[in-house]
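Just below sit the structures, each encoded as structure tokens.
Below are two complexes that have subunit A in common, paired first with subunit B and then with subunit C.
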Partner chain A sequence: MDLLISIIITLFFLLLAFTTGTLIEKAHFNKLKKMEIALIKKPVVTYGTKHYPITRKIKKIELVHGESVIAGDYFKYYVASLKNIFGGRLTTLESIMDRARRQAIVRMKEQAKDANLIVNVRIESAMLNHVDMKNSIPKCAVFAYGTAITYE
Partner chain B sequence: MNKELEDMYIDVIEDNVNVSKTSDFKEFLILVAGFIGILFLIIFIADIFSNVFISTMSDKTQIKIEKLFGTLPKDEMYNEKYKKPYIFLLKTREKIIKNDSSLKAKSTFPIIIVDDKEFNAWVMPNGVINFTTTLLDKNLSDEELAFILAHEIGHYKNRDHLKSISRSIIITLTFQMIAGKNSDLSTITNSMSSMNYLSHSRKQEIEADKYAGKMMYKLYGNNNSGIKLFQQLESMEKVPEMMFYFSTHPSNKHRIKVLQKQKY
Partner chain C sequence: MILTTIESIPGMRVKAHRGLVSGSTVRAKNVVLDFGASMKNFIGGELGSYTNLLAEAREEAIMRMISQANKLKANAIVNVRLATSSITAGAAEVYAYGTAVEVEAIER
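Coming up: the complex of A and B.
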């Protein structure tokens, strides 16, 4: 009897996490698409060397950055922990990382509203959960930063 | 920026290559099925191990293992009230041991009556047979009592305890190695191992029933007492048929069918 109850509870939470997680993810992707298309005219340049050749006169240079912290849902981590046995790409976590990165870039671009160009863009990530704590929720922070240049 | 370039960028945004197109749910189903397949394989191996080693084990080793469970207690009558069924049980025990040569030079099967509210009888790994007072209060007929006794001795004869102990040692150890501290996996492994334990236990009950039925044929010439007993039990408890998949004992209907099919 206890067994039946525990199976039903686990399945219920998995199904709940799956439905809410997919709905939220779809909404987030749609929002990201809209924002990216709105900001499409802001060119982002990552440049290996620190000196970017600019011939026009510069009015303003500033540091712009965007951050986002993201965590998956119960279902995504459940699938990921099953993958631990078989190996392979953690496809459920890939979508979360993609969302976090794009959100960070969009925020950075939004900060550089009047700028013509963002150069030396870097993207970095950091784990925020306690790795050695047993029941800590895995979450990840993604930062995007660069130098915004405004021409005269 | 010209129009063509803009359209190209929009296409890149619309068609995201960083996210895989496969459905998460499909992946989940495939992974769970694969994981359960691996667990089934482990259970299968554990089954073979326990069946081969325990069944072919010599009687000497069995008695050695049984001694680990402590010395055998003496027969114990809980109350003078139960004198009549008690003496009958002692007599039937001697008859059963006489009829089955494989039970000689093993446990003496002490019978102990326990004060308990549940309708139950059980056998310990070393052959001690317990009857609850509630079972004896029900005024079962002599043949029905003999059937219950033979059923419990059947468990002992089939080495059911030793088999389930060895199985569960193998299964728990390997499952623990796979799942480890991961609580997500352990929900699957735990439910798998307990479901498997239950189905194994139900099989053992059926085997013990068959043994008891055979013994009844030897003692009384028929196994109607077992059928009658389970018919009584069926009228006593009303549990839906499906719930027996989560129980250690098979449904009474199933047990009646098995006994009805049995021929001496």
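Coming up: the complex of A and C.
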């Protein structure tokens, strides 16, 4: 009887987390898509190039950055821990990393809205919580930064 | 102070190198926000308080780097990099480093 109750409780929490997690993720992906489309033309972003042909007079050079911390939900971690036994792609966690990176890049671009280009963008990530063994839930923290150049 | 992630500053010439400058900070949020974040971790979504924490930490690390560069009488920092690490749960370390240089504008 106790076992049955605990299974039911776990299933309930999994279902709850699955519903909220999926809804939040869908909304976030839609929002990201809109923001990325709005920022697709300007500024131009280069990820590896350090030398971009600059022909016009430069008004301002500054460091721009964006950051985001995204948490997954209970369902995602549960599925990931099950999949961890057999190995392979942990698709549920991949989507979290993807969201965090894209959000950080969008924030950086928004900060440099008036700039013409952002050169040499770097993306840096950290797990905020991975040392705590009892509660080893990865909260994916991502930084994106680059040099914004504005023409006169 | 001009900060760039590239080796030079477009439109300017490097006059003198002043060496490596760096700044680091470890920051944490309070218990209430940590609890809220762990709740959010159950349902999913963005952890706004931790995003703020990272932003504050980054700001402070860069400020410390800039004050070090000011002491060396540099007017720009090139090749700035930001590195992060997690020391304990709920805390973030941000380390900013770069090369302090003295630059002057190129006459055209």
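Methods note: the second predicted complex is superposed on the first by the 138 of 152 C-alpha atoms of A that agree within 3 Å, B and C clash if a C-alpha of one lies under 4 Å from a C-alpha of the other, contacts with A are read in each partner's own complex, and residues count from 1 in each chain.
The criterion applied here is as follows: contacts are C-beta pairs under 8 Å (C-beta built on N, C-alpha and C of every residue); 3 or more make two chains touch, one makes a residue touch a chain.
This is a predicted model, so every value here is computed, not measured.
If you put the two complexes together on subunit A, you find that subunit B and subunit C both fit without a clash. Residue contacts after overlaying the shared chain place A:41 against subunit B, while subunit C stays out of touching range. In the superposition on chain A, contact is made by A:3 with subunit B only, not with subunit C. Of the two partner chains placed around the shared chain by superposition, subunit C is the only one that A:119 touches, whereas subunit B remains out of contact. Once the two complexes are laid over each other on the shared chain, residue contacts for A:20 go to subunit C alone; subunit B is not touched. More residues of subunit A are in touch with C than with the other of subunit B and subunit C. Shared-chain residue A:152: touches no atom of subunit B or subunit C. When both complexes are overlaid on chain A, the residue A:76 reaches subunit B and subunit C alike.
In the superposed model, A:67 lies in contact with subunit C only, and not with subunit B.
Note on the superposed arrangement: subunit B and subunit C approach each other to a least C-alpha distance of 13 Å.
On subunit A, the patch touched by subunit B and the patch touched by subunit C overlap at residues 76, 135.
By the touch criterion stated above, subunit A contacts subunit C in their complex at residues 13, 16-17, 20-21, 24-25, 28, 50-51, 54, 57-58, 61-63, 65, 67-74, 76, 103, 119-122, 124-132, 135, 137, 139, 141, 143, 145-147, 149.
Of all residues in subunit C, only 2-7, 9-11, 37-38, 40-47, 50-51, 53-55, 58, 62, 80-92, 108 touch subunit A in the complex they form. Interface residues of subunit A, counted against subunit B in their complex, comprise 1, 3-4, 6-7, 10, 14, 18, 22, 29, 33, 36-37, 40-41, 75-79, 81-86, 89, 91-92, 94-95, 97-98, 134-135.
Interface residues of subunit B, counted against subunit A in their complex, comprise 1, 6, 9-10, 13-14, 16, 18-20, 22, 24-25, 27-28, 31-32, 34-35, 38, 178, 181-185, 187, 190-191, 194-195, 198, 243, 246.
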